[in-house]
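Next up: the structures, one after another.
The two complexes that follow have subunit A in common; it is paired with subunit B in the first and with subunit C in the second.
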Partner chain A sequence: MTQRKRLSTARQQGTLGTQEEDDDPTFTQPSTSQVQKGLEKLTPAQVDQKTAEVVQYFLVKDQKKLPIRRADIVKHVVKEYRNIYPEIMKRVTRTFDQVFGLKLVEIDTKNHVYILINKLETVEGPSSITPTNPKMGLLFVILSVIFMKGGVVRETLIWNTLKKLRVDPGEKHEDFGDVKKLVTDEFVRQRYLEFVRIPHTEPVEHEFHWGQRADVEVSKAKILEFMGQLHEQDPQSWSQQYREAHSTTDSSQASTSSQR
Partner chain B sequence: MAQQMGDGHRRFLQTMMANGVVDEQGARSLHQHCCETHNTQYARDKLDDFIAAINSKLQPMFMQIRRGMSEDNGQQYYALVNMAETDVTRMSSDYADNELELFRKTMDLIVGSESGKASSTDILNSADTLTTKKLKKSETEHLLNRLVHGQWLSEKRGEYTLSTRCIIEMEPYIRTMYQDQVKVCQICHNIAFQCQICENPVCGIKIHNPCVARYFKGRSEPRCPACDDFWPHEIPEIRRPKSQSRK
Partner chain C sequence: MKRARAGGDDEAPRQNGSAGRRKVDRQQSNGGDSGYGPTDLQDDDNDPGLRREIRSRYRELINSVQQNREDMLRPSNNKLTEVLEQANKLFKDVRQAREAALDAQLLVVATDLGKEKASQMFAEGTAFDPTAFAEHLLSFMGLNRLEDEEDEQNGGTVEGYLPQDAWHRLARKAECCFRTAPSFHYMMGSFHAEPPPPKPKIARQMKATSKDAKRIMPTQLKKMDDSHQEATEKEVERILGFLKSYYQDDPTTPISYYEFVVDPNSFSRTVENIFHTSFLIRDGLARLYLDNDKLPHIAPVEEGDVEAEGSCSRKQCIVSISPKTWKELIDVFGIRDTMIQPPSSQNE
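And then the complex of A and B:
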């Protein structure tokens, strides 16, 4: 198998940020029979070892909640075991599910990008061990606004809402630092939010949507509950939002009493 | 009597991963919290079994939740450890190559010292000898702060020691890297940095400060457990957990 190292700069993923390597053009998903043949040549211990390494790699990369690219996994970890890549990923997915309570999701099937999503609901624990993260509080507020407004809001609404809460995107905040960067860059990279340019706007304006991670990790029902408390109203009084929050089998929260 | 892995175990594991290191009291309350959140049967004295269930599933991943003692207060701490690691690669996602090199040099200083500490002056001097990109004084100071904040080092009065989390996580690495050079406690047989040493030149055994406190408690005339010479050092008091205020 000849290695054709095409440095195709045309593959630059602008939206994914800086310094990302090109998707490896030489890696094509091996067929089932190729995987079978590959497995026959390896000992179970070797496959286990490689699976463990991929799990480790994911955990380290996921500390920052940033997406992980298949190209990087193959290049840095799987390497010469690439012919059994699908089998390794199958085991890795199962491990995350059964051992860690995490769901491995391919959020970009074209460029093969993964994130790890928490299947367990965020519950406040003993405060010394599970300190509340102020960034999540801020995120929750933003997600709430977007949800209550039907799923899309212009950026100005978000900035005004935050200003009312004394979180000024123009100023450096004590807990959040550069608020604008946190909201439009960090939360977006982590796939909690989407920050999309509105065409034909001058000066350029953007709108916010929920990101894929938020879709799975954040409970709309909880947001509605919170809104209800805030406004001293019954959550059901927002009929449209209520329907949306309770319609889908929210793949988000695994029920707290689920047993495997 | 291995417990089955349930969401309670998974939540415990996730929290361990997020915290780096957890003290014994924290582990106990976390155990309770996890069992109650997921309606799992809870018994206060079953923490070890609970962790064993998680560890049996972590084993194929070459990971374990391990327990270690703080050299400072003698209490038990829990940390999630990568057993397969032979280098400081766990830190590699947060620190640049030259920063890791400085961390290794700091570790060299600590291992080589009698007190188990490295002064900031010595660390700053090593910053000049880096083979990867050099670090300026201000950068080194900033890095040391990050290392303390990241729970890899502890600092007191300008001297740096390896944090409890670091010792638990890197024990296999340290043993491999330093072999005979690293001190081992005569009482608990774990690696030791801040310890007392028998002054008998033929003996020279080492004992952790908290291990000294426990071993010699109540003895009117402390004697070395190996060579029976008089133990000349001050016997510290055993530190009780209740009054401990967490940083």
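And then the complex of A and C:
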């Protein structure tokens, strides 16, 4: 009898161990009925407290603009309340929406990864108090080129364009430091860009795509508008890009799958 | 490799099937003037020099496509088509698998480029030129172009310097395209952490003092040890000298042990005498014996007697004396003078 008991606990410990490394093999979304049962056992104050903790966790984690994993939320904050996880997330989304004006978006439904974006449009004009981050300027250039070139560009095109702007990936830049690392590592981890290897290339070459964050956070229409101003052309003269920019405005920003 | 049969534009049966098919296509596209004569092929087949030449020309073509990629991509020229035409001509002379492999490689590279060129054409409207984009951006960021004539001589690159806040300016403008959530941070910032108080100084001072103290100690001790050892040995020898001289003066009269060791002037000297005398007895240089009255007497051991004494068993005893006993001894034995002179009065 004791032997069997020992074996079962060992198996439990084993799964717990793997849980820390993998995304969340043991966390399955509880069903609605399970959530109901869980809610009955808790006081409203307890649920509110847990919701507030998750909101705080998101706000702090979002500082670096790295995506937040569901596995981490469950492990570090929700913990024993995991059986009412969907209810907590529902309330968290509502809090962000009503209190902060932010949108919680699950950018990867397979790996369950979230980001926070702004619901409100940025106010243009000189009244901005917050200091600007020059990295955003660099990112903007890269995203624009990719978009105008149909969504995929080879890395050499990006490097050459940047060189013309006095930004050399081989040298340390005054504002950006290690440019190559910023573009191929930081922006990629933040999901602004995707840096994919092209097969059969020798020496190895990569292509750039828009990342999942860029898809929901960046407005193609606004980029095209700025292009028009820069080149002193009508944005509609780039007809293909224009079509793409204005067709996706309805679908992309609507992907607020925050039911999970 | 079987060489081609004679016959102008006929498709030759090739070992490499796909190559043969391609050859057919090319012949058709070229208008059929690419046939090879039957006569010259027999020799060329195995001429290593020619094989090498063909291979190197293929490699050249491949290199040129890879190196001049951007150049070839420009819609303004037909360089890619020219490369393909050259490859066609080369292919006529291909006989062996190695060369055909190179040809295939060139085709992969060229097709790749072709695909990219085709994708350039996707924009029905105006094409997007990144170079022009970059130049417009520089102007937007506030590039101060030099007004000199040198500017024109520099050709393509635009001279001038970008202001410090160039990228900030662009970032500000780009902000409107992003819907970034503002980062959470404390309004007043974080607290100012002070450096830890300097602690190492105290520890070092303590170490310094203890070191000095230790250094003094060993030297002092050494001196003591030495003097102590020597003093004892010297005393023992001196006492032996006394004993022998007294014995020689009068060998017949036995020397009373008590009279020998007791110093009526000093109790501590008496104790020292007993201590030193015990060494003599231990080393077998003197002997204690009891006379008829059972009183102890001491006598030096003569050279000859050493062996005789060896047969008899040695005895041990512990001698103790107190000031009271010492005074009694002085009274009983009437000891007026010490037999062992203290060392200070000695002239060595």
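Methods note: the second predicted complex is superposed on the first by the 220 of 260 C-alpha atoms of A that agree within 3 Å, B and C clash if a C-alpha of one lies under 4 Å from a C-alpha of the other, contacts with A are read in each partner's own complex, and residues count from 1 in each chain.
Methods note: a contact is a pair of C-beta atoms (placed from the backbone, for glycine too) under 8 Å apart; a residue touches a chain by one contact, two chains touch by 3 or more.
Note that the structure is predicted; figures quoted are calculated from it, not measured.
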Partner chain(s) touched by A:Thr130 [first = subunit B, second = subunit C, both, neither]: both
Touched partner set for A:Val99, first subunit B, second subunit C, both or neither: first
First, second, both or neither for A:Leu59, with subunit B first and subunit C second: both
First (subunit B), second (subunit C), both or neither touched by A:Ile223: second
Touched partner set for A:Lys149, first subunit B, second subunit C, both or neither: second
Touched partner set for A:Leu42, first subunit B, second subunit C, both or neither: neither
Residues of subunit A touched, compared between subunit B and subunit C (which is higher): C
Which of subunit B and subunit C A:Thr161 touches, first, second, both or neither: second
Partner chain in contact with A:Asn118 - subunit B first, subunit C second, else both or neither: both
Doubly contacted residues of subunit A, that is, touched by subunit B and again by subunit C: 59-60, 63, 102, 118-120, 128, 130
Contact footprint of subunit A on subunit B as seen in their complex: 5-7, 10-11, 13-15, 17-19, 22, 26, 29-30, 33-34, 37-39, 57-58, 60-63, 82, 84, 90, 92-94, 246
Complex contacts: residues of subunit A adjacent to subunit B: 48, 51-53, 55-56, 59-61, 63-64, 95, 98-102, 118-120, 123, 125-126, 128-130, 254, 256-260
Subunit A partner contacts - residues on subunit C that touch it in the complex: 69-70, 108, 116, 119, 122-126, 128, 130-138, 140, 162, 167-185
Contact footprint of subunit C on subunit A as seen in their complex: 59-60, 62-63, 65, 102, 116-122, 124, 128, 130, 132-141, 144-145, 148-150, 154, 156-157, 160-161, 164-166, 175, 200, 217-219, 222-223, 226-227, 230-231, 233, 236-242
